[in-house]
Amino acid sequence: MYKIAILGASGYTGAELIRIISNHPEMEITVLAAHSKAGLGMEKVFPHLRSLKLPSLIKIENVDFSDIDLCFCALPHKTSQEVIKVIPKHLKIIDLSADFRLQNASEYEKWYGTVHEALEIQEEAVYGLTEFYREEISKARVVAGTGCNAATGQYILRPLVEKGVIDVENIILDLKCAVSGAGRSLKENLLHSELSESTNAYAVGGIHRHIGEFDQELSKLAGKPVNIQFTPHLIPANRGILATAYVVGDPNLVVKILTQRYENESFIHVLPLGETPSTHHVRGSNECHIGVVSDRIENRCIIIAALDNLTKGSSGQAVQNANLMLGIDETVGLNLIPLFP
Amino acid sequence: MYKIAILGASGYTGAELIRIISNHPEMEITVLAAHSKAGLGMEKVFPHLRSLKLPSLIKIENVDFSDIDLCFCALPHKTSQEVIKVIPKHLKIIDLSADFRLQNASEYEKWYGTVHEALEIQEEAVYGLTEFYREEISKARVVAGTGCNAATGQYILRPLVEKGVIDVENIILDLKCAVSGAGRSLKENLLHSELSESTNAYAVGGIHRHIGEFDQELSKLAGKPVNIQFTPHLIPANRGILATAYVVGDPNLVVKILTQRYENESFIHVLPLGETPSTHHVRGSNECHIGVVSDRIENRCIIIAALDNLTKGSSGQAVQNANLMLGIDETVGLNLIPLFP
Amino acid sequence: MYKIAILGASGYTGAELIRIISNHPEMEITVLAAHSKAGLGMEKVFPHLRSLKLPSLIKIENVDFSDIDLCFCALPHKTSQEVIKVIPKHLKIIDLSADFRLQNASEYEKWYGTVHEALEIQEEAVYGLTEFYREEISKARVVAGTGCNAATGQYILRPLVEKGVIDVENIILDLKCAVSGAGRSLKENLLHSELSESTNAYAVGGIHRHIGEFDQELSKLAGKPVNIQFTPHLIPANRGILATAYVVGDPNLVVKILTQRYENESFIHVLPLGETPSTHHVRGSNECHIGVVSDRIENRCIIIAALDNLTKGSSGQAVQNANLMLGIDETVGLNLIPLFP
Amino acid sequence: MYKIAILGASGYTGAELIRIISNHPEMEITVLAAHSKAGLGMEKVFPHLRSLKLPSLIKIENVDFSDIDLCFCALPHKTSQEVIKVIPKHLKIIDLSADFRLQNASEYEKWYGTVHEALEIQEEAVYGLTEFYREEISKARVVAGTGCNAATGQYILRPLVEKGVIDVENIILDLKCAVSGAGRSLKENLLHSELSESTNAYAVGGIHRHIGEFDQELSKLAGKPVNIQFTPHLIPANRGILATAYVVGDPNLVVKILTQRYENESFIHVLPLGETPSTHHVRGSNECHIGVVSDRIENRCIIIAALDNLTKGSSGQAVQNANLMLGIDETVGLNLIPLFP
């Protein structure tokens, strides 16, 4: 049994890691750490975990890392780099924050408004989009979990940009995001009274931080700068991202390339041309469902992807990467069937 | 007091008409009719209307139209044309169905899959987008209420297409629609268990029937065929449409034109550049809020409009048109302040 | 036009007062005040009020009360007494906090854990349950708005306790309360992620502060101490209280007494025996619907009441009382038809 | 691997059985049958099950039972008895309908309004409340799954009635039930538009059919007729039952007895005195959380239980019973951690 530490266990991605790992046959949670809720038993922090035998939350500075095989960091960005900087170097680390996603220090500074303070780790870190960095992740010491929106969009776009079958000057990504992506933070717009019955866009106009990941990854694939249009919307649901991509390209080719690219992937399912997915049908699972539809306008198509932001978009991806890093079969612990209704 | 009949009063747009008209100082509901629920008191059909003194539901064939000044038809399309065909010709009529929105019989047949059987009325009917057909509506005998999605999109697009400031070859409209737009019909996907926590696209690829209205109206304005891309999504809320338009054009010009166009309109509010609306902030009102944001890509902008599909998108619009047809000030009975939270 | 000030206009009951009063033909809002959001325009604080012409929020200490006829205080308890203490004495005041509901200073201290500091106003204040204190309210300078739960329960219980037709030793009140009753405060359990799909009891065992009002009022009516059992539950909705009362008494007598008591009341509707109400059918209105059902066990009955906590349970009640205090017909401005769906 | 058939696989309890059994290490689904949706692949009926390799739905009359070890019937009552009557007798059967819960034919007729037509099986069937009929279930050929409300209430009441520590003349059970308990049926009140933002009681006054189970079971335990008061309420959520019991008895004794009774049970968790559960914290799991609180009135207490109606209240219970019937450890396949948020 590999011994696992989770830092930042009082947030939603922390709780989701616990949910997944508790049923993992080769991992064992031995350390749970957090800041403000340190000292509490997990049944106080997350009563839904009451029936599990879990260690109590301790402060991060009190963690004994000597026995740990792999450490998940589910901390806010900036805090994350400070913590990871001082963690013993023998540890494998999966960071779920934004701190190690961008490989270029100036890009990090541009999007996050702060100088990166752990550049040597940033250089070493591998971008954690499993299906596209499997080899690198297997050998990595530090893996940077992707943004949940960035993952959803890349599942649609990467194979198409790589094969050159869509016009990279005209990519529009319209996202519908459930609220748990905003975390457990106390903000007025996240209150049930404000959010229920509400739908609105946010971070409109190309200012959402996940765009940095798209720029980095898609430009690499295209061999030239690619800038997409990206507009996230907050919808009144707890889990799920639905990404609607508008692209210029041949729908039959698009569906063919996506189907081929993912046919051997365990968690990415491309639907037959004309069918579209729903967030409700992937909830709580590590699955991503992708549908392609031809528009009535020639050579345009709409591609829609659905995944659970906390699972495939974050903690499920993290466990999938942890499996690779530890030499375990990639799918172990991740056959989580969606909870419907 | 003008005497009002509502046909199809057992559906949501019927109930919304009753809600609005019951507080209208110059209208009085004297007939409520429906099919399957005829014979019931309205407190059985809609218990929220219990405190109003309303006539019981009768069958449409039993309606005495002799006293009626104006009749709202909130019936399904096809049924609507059959009913309106035989209604006495002295009556003013506002039809909330799709039957008289398209002026071209073959377009009707194409989108609704059935031959139109009341072509003489179709020819006479005025398209009911109040802010753009005010004069015609004032003089009309029959007004066709617009599709709720079509209204939302046109509030964004009409002034821009008319002024020629956006590229009409590249208009994408991504809609987030609450479920009451689908009516009170018993369909599996409208059940709470299926819809709650769910988000999905529907009628993808340019097959939604409201597209017929966009084609007709925008092509007229542009003086050439305009085909937009239009994708509606069902979100887990009861009321509200949020339309996100992606257009090619100068954001500063766009916001200027929209602001000027609507500055004297009572119900359309254009926000300062960079601000965006929410469906929760227009719920239950006759308002439409529009926001414009510059994209990071030059000469592109995102325009977002929010309205309540049952009010401004349907029954509120209908009452606004009725006011015009009856010579009443257009805003009477419509200062409905949004219900929040 | 009476000139109205609202103190605490950045909370939900403040917003609800504005919604109602803005359509009131004899009131005009001239002052809006708040603490932390002072200085902001109301369209920033509550974008749903964007289309109204409203004064900006100012600090309470900067309010000029000289012109004001009536002042609504929608502040937290304790703050409320401090503010009301120093307001000019010519003003009529309706306080929506808990500060002046309990007539006995030691009861206040017991339930609110703090010494009352405005006892002379506490003595003068009239309990604001309109239908039962109409006379006193008409003549009062200070009226204490009731607790929303306390109002709902008393509509069921008062006529029955007064007539002595139920066993006052065995009254159980089980409430289902929507979240807006908790206000706009930033608490973890009020987040959409936590509350959606959730139902739980809170303040269980007779510790909810509204019990002080039940004790005071029902004991007065019974002429002896009456202690009820009272358990509120938080349900995943924004507006509405559904109170289920379990009482020992003859159901036919119970429904008869309630029907007679309320038959001349504009806002309280007693349903025929066997029918029950829903919170969705009173949403946004000043109505309270009450249903009585016989249990299969002889001499027991279940009485269920529904109202909107922000309207009839709080701000609607407040306007109804303001009408009385200003000599306006009690129902003016309050024919708010429920918003459904 | 035991071969499993599920009849009625197009409903929610059917889907939940599939969710659980697909991860069960000793069971294999070989037959899925249904009525109206027979012929469809499961990805059409329940797209959330898309990634599983499942047999397509066939008609029940076409099922080959020869290889099957155990059959789950998730059919409506009445249909269930007709089907089970003609199923080969070698099969072990777990029926999730109401058809075999009541042991007395006249009670069945009273509650279900129809004569029972498979009395010999009714006599043989064991009531499936696992924790109380473990021995009988292990040896049974036919097990009748309990009502989901009946299970929740009995987890609270059985130990207390058995030990005689509460007054059986004064038991009130107030339930808050999520909508999936009503199944996937097309009824107006189950539409999202009707149910969202709504709370209402139903089957009030002792007429809910699950009361038959309470009468049967509690009377047996008490050795005399026990009639409880039972009022279910529909709340706007998809999964979960929260049962609030009002009983007369010593809270300390009550919590002690419940704690002792369940301390060796894997799925029933009694919280420390004063703490209460939430439906959100058991969602998707086979757990039941129970909390006890002392009322301010002496010798009265409130007991609150939460479980997921589709899991512990139905399909989870069914798999737990199937484990017993097949000689598998009772908890296998059921360590389903709650999905939160």
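To keep things simple, chains are lettered A, B, C and D as they appear, and every chain counts its residues starting from 1.
Following the convention adopted for this analysis, contacts are C-beta pairs under 8 Å (C-beta built on N, C-alpha and C of every residue); 3 or more make two chains touch, one makes a residue touch a chain.
Computed from a predicted structure; not experimentally measured.
C-D versus A-C: which interface comes out with more C-beta contact pairs?
Most C-beta pairs in contact, of the two: C-D.
Measuring between Cα centroids, what's the chain most distant from subunit B?
D
At what distance in angstrom does the C-alpha mean of subunit C lie from that of subunit B?
Each chain's C-alpha centroid was found; their separation is 36 Å.
In angstrom, rounded to a whole number, how far apart do the mean CA points of subunit C and subunit D lie?
Their C-alpha centroids are separated by 39 Å.
Just the number, please: Cα centre separation of subunit A and subunit C in whole Å.
Averaging C-alpha atoms per chain gives centres 45 Å apart.
What positions in subunit C touch 2 or more of the other chains?
12, 180, 193-197, 236-239, 277-278, 280, 283, 341
If every chain is a node and each touching pair gets an edge, what shape is that graph: line, ring, star, complete or other?
Here the contact pattern is complete, since every chain touches every other one.
Under the touch definition given earlier, write down the residues of subunit A that touch subunit C in their complex.
So the residues of subunit A touching subunit C come out as 12, 179-180, 184, 186-188, 190-197, 236-238.
Per the contact definition, I'd like the list of subunit A residues that touch subunit B in the complex.
My answer: residues 170, 172, 174, 176, 178, 193-202, 204-207, 211, 227, 229, 231, 233, 235-240, 242, 244, 246, 274, 276-280, 283, 293-297, 300-302, 304, 306, 341.
Within the complex, which stretch of subunit B touches subunit C?
Checking each residue of subunit B against subunit C gives 12, 15, 18-19, 22-23, 46-52, 180, 196-197, 238-239, 267, 269, 277-278, 280-285, 287, 289, 335, 337-341.
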